[in-house]
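One chain, chain A, appears in both complexes that follow, with chain B as partner in the first and chain C in the second.
Here is the complex of A and B:
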């Protein structure tokens, strides 16, 4: 029998789960991003440091994200729209979940592709109609997965990846957000 | 010393008597107290009558496929207490259990008793658990737990928000909807089951296939199994299935898990579709396991053909928020589970989440035992018929424990307060 390898170190994750069960304080992470206004509706956000396992941590390299708005918003389109970053987060989180769950369940993946669509009524942000919300009204993720598993097992992978997804939770459940002057 | 004269404590007494172990069963109220006082009027057991058996007591009535009313359950347990001549001290509330050098000191409202071993059989459903954000529900909305609820007529007219889709939640939602009230049901993770499968009660399958006998040390994720919500079942003479599709057909509005309250608004999770998927997939796997068992054990001939059930229908656009101050909702019913109450247990065996630390009912303190908790030793542990095997095993362990310990000074010396 060939060992399943999706490139996910599930053992490390399971070990971490065991360790953190007895040490909830080490499980407290803080993720950070710093943004800077460039011009117009364009900004640059950098991500490098975070806190976790009781100490400061850093990514191997700093990542820089440009956000702007498209020409139809009368902007220069030097980057994707902030709300599109939510789709990036959701898709990448669910995909990581599919790979991890598949590894844990002994399912070899050959390809995992998804498309994410967020329906957005921009009358909200433009203040046209106060009954229309600012954010997405509906998000749809469509997965195409090729794997050594039955259709039911693949459906279960996708369901479990949602159940354990940080971004899925952050989008589907309310979160307290505090915005203040430093 | 056995604490609690429900079916679990009485089963312990049955096996203790069988081994000639001197004991007393302490009961805060009457035999089967919670079944008498902490259940709603229409409730019936989830297990069919033929399955609702206790050690030495089989169902001999005329309706083996029916489900007992609460009055019948109380009758069954009272009969069991009489048949096994359990030494029950009713009206004796245990206020503290402390460890001593050679056993335990049990304090009750009538005095103190020393003993060498204690069996905790005080139940798994002592206190309804209500999320903290219940405090943020506007005062104009009445809040009830299943302990407060008796029947729809005692509620004010108007909309009801039932929280939780376990057996309790779906039963109360259906009953309240049938009383003519608009009902909204907040649905988190749940366990979907058909009442009958291939012509047999689904719990017949659980029993016959051996699923229910699966031991606690064979279950993949025991922590999860122990906190699984009760399955969406109801015991009715018609043996009807009460899943979310049935509730939607009755006109119950389904919304996502109630996540919090902000500015007087209830906020529901947008993840409803996935909790449907999880439950549908899990039910499909269970039914496939039953089919496989029937096939490989040559049982196909005694049951009907395999069935598959429609997926849970997702409402077009489930509401994400509901203004609790608008008057639309007059009552919130919290069907959000129950917790055991160990406030009286002064032995450090309760974890930070209020759960007893035990391995198959053998509590993490010598001579201390538990019975009647979810998946205590087997998947069937909390069901009436599940107590027999558990109680026998636990009393076996207790007897071995007593045999290896010399009798010390901890005689049953009662003292008046």
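Here is the complex of A and C:
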């Protein structure tokens, strides 16, 4: 029997679960981003440090992201639109989940691809109609997965990934967001 | 009197509002992202095309984003964590809103910076405690704004940006997300 290897260290995650069961304070993470207005609707956001396991942590490199609006919004399109970042987060979170669950279940993955579509009625943000929400009307994620498993087992992988996805939860359930002046 | 210029073409947005009031079908946008699993929990997500104003549209360049988990999650940290992308979207959306509203109100901005923090109890995603949610417990955005306006007017800018923010809405209210196998 060939060992399944999707590149996920599942044992470390299971060990972390055991340790954090007895140390809930170490499980309290704070993720951070810092944004700077450039011009127009363009901004640059930097991600580097976070807090977790009881202390300050840092990514091995700083990541910088540009956001802008496209030309059809009379902007310069020097970056993706802010709301598109939500789709990046959703796709990558569910993909990481599929890989982790597959590893835990002994399923070898060959390829995992997905397309995400978010329907957005922009009359909301433009203030045309107060009955139209500002955000997405709905989002669809379609996975194409090639793996050493039955269709039922692959469907179960996707379902379990969704069940434990941080970003899926953040989009499908409300989160309290406080916005204030420093 | 010196004309206020924050680089936002507010007149085009006001014109778009007028046009879309009579053409709601043109206001139906679809934003898209395509993700590909690389290895472990690492994936690459590409954003380029979208649909809006009744036809296919394209950003002027394709954008590619890496996501991974940090070393404290036993991963290789070759990109930010998926849930951090939500903070990038939130910060950039609110910043774009501040610039747009300031332009519309005749307020000259000099600088707009913000820090976003998302509190996350990772016992949820690890399956330690089913009462702990997978996503953020709460999110705080702190703005520091230097502008040619009173503190009250600057507070009102931030409040109006929040009121019309697509990403703020997407995080504070539930969205229907469907995940399926192609």
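The rule is short, and it goes like this: the second predicted complex is superposed on the first by the 182 of 182 C-alpha atoms of A that agree within 3 Å, B and C clash if a C-alpha of one lies under 4 Å from a C-alpha of the other, contacts with A are read in each partner's own complex, and residues count from 1 in each chain.
Keep in mind that, in the parts below, a residue touches a chain if its C-beta (ideal position, glycine included) is under 8 Å from a C-beta of that chain, and two chains touch if they have at least 3 such contacts.
Values in this document were obtained by computation on a predicted structure and should not be read as measured data.
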Give one of first, second, both or neither to describe whether A:101 is in contact with chain B, with chain C, with both, or with none. neither
State whether A:147 touches chain B only (first), chain C only (second), both chains, or neither. neither
So, does A:162 touch the first partner chain B, the second partner chain C, both, or neither? both
Chain A residues touched by each partner, larger count belonging to chain B or chain C: C
With both complexes overlaid on chain A, does A:69 touch chain B (first), chain C (second), both or neither? second
Let me test your reading of the model: by the given contact rule, A:135 touches which partner, first (chain B), second (chain C), both or neither? second
After superposition on the shared chain, which partner residues are touched by A:87: those of chain B (first), chain C (second), both, or neither? second
After superposition on chain A, the chain A residues reached by both chain B and chain C are 138, 155, 158-159, 162, 168-169, 171-174
Per the contact definition, I'd like the list of chain A residues that touch chain B in the complex. 138, 152, 155-156, 158-160, 162-163, 168-169, 171-174
Quick one: in the complex, what on chain B touches chain A? 189, 256-257, 259-260, 262, 267, 269-271, 274, 277-278, 281, 284-285, 317
Given the complex, residues on chain C that touch chain A span 6-9, 12-13, 16-17, 20-21, 24, 27-37, 39-43, 45, 47, 50, 52-53, 57, 59-61, 63, 65, 67-75, 77, 79-96, 98-100, 109, 111-129, 133-145, 151, 154-155, 158-159, 162, 164-182
